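One structure is given below, represented as structure tokens, and several questions about it will come after.
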Amino acid sequence: MTKARAEAFSDGVFAVAATLLVFSIPTPDPKLHLGSALLAELPSYATYVISFVTILVIWVNHHATIDAIRTFDRSLLFLNGLLLMTVAVIPFTTSVLARALQSGNDQEAAAVAYGVTATAMSLAFTFINTYAKVRRLFTTPFSLVGFSLGQLSYPVATVIAHFNYQVALAIYAATAAFYAVFPLVREAQLRRR
Amino acid sequence: MTKARAEAFSDGVFAVAATLLVFSIPTPDPKLHLGSALLAELPSYATYVISFVTILVIWVNHHATIDAIRTFDRSLLFLNGLLLMTVAVIPFTTSVLARALQSGNDQEAAAVAYGVTATAMSLAFTFINTYAKVRRLFTTPFSLVGFSLGQLSYPVATVIAHFNYQVALAIYAATAAFYAVFPLVREAQLRRR
Amino acid sequence: MTKARAEAFSDGVFAVAATLLVFSIPTPDPKLHLGSALLAELPSYATYVISFVTILVIWVNHHATIDAIRTFDRSLLFLNGLLLMTVAVIPFTTSVLARALQSGNDQEAAAVAYGVTATAMSLAFTFINTYAKVRRLFTTPFSLVGFSLGQLSYPVATVIAHFNYQVALAIYAATAAFYAVFPLVREAQLRRR
Amino acid sequence: MTKARAEAFSDGVFAVAATLLVFSIPTPDPKLHLGSALLAELPSYATYVISFVTILVIWVNHHATIDAIRTFDRSLLFLNGLLLMTVAVIPFTTSVLARALQSGNDQEAAAVAYGVTATAMSLAFTFINTYAKVRRLFTTPFSLVGFSLGQLSYPVATVIAHFNYQVALAIYAATAAFYAVFPLVREAQLRRR
């Protein structure tokens, strides 16, 4: 029961955060022709896609983790809340990043802000996993596919972002793509056997 | 279980996207009398209705498709995410379209942007259907009523929008109306027999 | 199944629309002292409360209606969508009304706009009820408590709003209060017997 | 059934309100370097965290309360709606507070506004509890851990806010922290026995 309502609440936050991402795409500049203004927003579409896939991937992994957990206690409810608190910030950092890329100013600072949130999210996930392991709440020996990748790639990219935002963005995109594609590859391999 | 949570997440995105459409109606111009300002926004109300019915129709078709699918694997989760990513953009393109119609500038570009998103949405739907067919995930020989219409009408209208936005808008509206009304006609026919 | 997902989608739209109402409260005027600016927004708080209770009442009545309906067909899905389309507009008309009351201009036009949406909502509700009755989808002889009130009070108040917005607002508030309080009175009477 | 849909609706409002909190973080000032602008927003991040944890705590307590209630009648539906109406205002008062802290003006008035909403929320919670007790709707002798704290701390902090906003903010933060941490401590104690 507690688990069911925690899932419903989490799904709500994930769905709202994903849908609010659209507000990170700025209103087209009315001084330009609309066609040009929309094309000038290409970086915003890219950050929209990266963030949407990132939230989707967190949701899928969240779902897999919760599924493997036998029962929810109060501590887990609050660690879960911590995760949701970082997920709900993603529309803000995506918006900051989109604006910086479009204006061509301070892209490094924006990429750092994006990375700090992603690192906090990854940390919250680690807390949930570690707590569930220590308190033996997992029903099966559970580990997310490539779980440690995000724990590594987000802080590393955040450091790199201070010097080169393009490499940092590439890592954010690659991390999301890895989590999206790698399980598919493994699933396909399992089927072939 | 996976299917249930995918539905909950999808319903969340559909519901939020539909409700956010209201922000595509601009704040009435404070320099006009409010009555005139509200009447001047008639095109915004029309695009609101078209987009709301469109999202409703996607939701109904999504619901019918998911219902007919036996089980959700990872690939389907991500194809579903792809669909949601295009649905969540509709409030943005609706807003762009409403503003262009009201200002009387660049309506063609706005209608193209609307059509590109609708085409992407229709493509994502085709991916889901094709994948489910190829991997034999459908429980019954399944096909959506008039499924191929959107696959055809949205790209065609997007091309037409470059030259004549009014014809394009009429096709968008007609596509939504067709999906809304046609199943009702068929349902009524089935009852009469 | 269809009914369950229609409820989930509807609950989503109701919840999002109710929560978005908070954006109808304008950012306090930064030129005034914050205390005075917040007090100057009293009309906005009043319209917020009226609209929130109105959405709550629609949700409760929607819930009672759906509960009494045996099964959902396609037509009902779309009539339900029509209702949600009008509910999702309430944050907009509430915002228009709040701004008009605060500025002291064109309150009549704002009250008319509010009433038109409420009338449309009430009409959509009537469609659902009539359709379910004609197609004998109700499991029990069903009628909402005081159902015909809203069908009468909203159009009447919309007409009155052209001449006297204060009377119109009083009717909107009274209608919401009636639906909120009357069932409680009846429930209490039933218990006393 | 009624209880299940009331939970779904409530979870929706809680999830949307929590996710909308992100809009209380203002767009970084474009006249500053983005790094400095983001650092200057530290008070906004603090109020975001306090409000998010507050909503989380209300949700957890709401969940525990509803769980212990046998059945929902109409009165309870509306008392529940009253609670949701105060929760949905939190993004607004958080935004007002964040702006006041950042501008350094009228922080007292903003802290009062925040406290008034929190007090109203706490009152609505008391109504739900009292009603359920009087009408004997609780299945078990139920009382929330430290329930009376919020009933006391919010009005007291609201009064203090008139003179010293920093003490008031500390009490808001401490109240949220207490509800978040105290049950964990008790849970840990229960396990040790």
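The first chain written gets the first letter, and so on, giving A, B, C and D; residue counts start at 1 in each chain.
We take it that a contact is a pair of C-beta atoms (placed from the backbone, for glycine too) under 8 Å apart; a residue touches a chain by one contact, two chains touch by 3 or more.
All figures in this text were calculated on a predicted structure; none of them were measured in a lab.
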| item | value |
| --- | --- |
| Chain B onto chain C, rotation angle from CA fit, given as a multiple of 5 degrees | 90 |
| Interface sides of chain C and chain D: same vs different residues, half threshold | different |
| Separation of chain A from chain B, taking each centre as the mean of its C-alpha atoms, in whole Å | 26 |
| Whole-Å separation of chain centres (CA-atom averages), chain B against chain D | 36 |
| Where chain C touches two or more other chains, by residue | 8, 11-12, 15-16, 20 |
| Partner chain D, residues of chain C touching it in the complex | 7-8, 11-12, 14-16, 18-22, 25, 27-28, 30, 33-35, 38, 48-49, 52-53, 56, 59-60, 63, 67, 180, 183-184, 187 |
| Residue ranges of chain C touching chain B (in the complex, touch as defined) | 1-2, 5, 8-9, 11-13, 15-17, 20, 73-75, 77-78, 81, 84-85, 88-89, 91-92, 95-96, 99-100, 103, 105-106, 109-110, 112-113 |
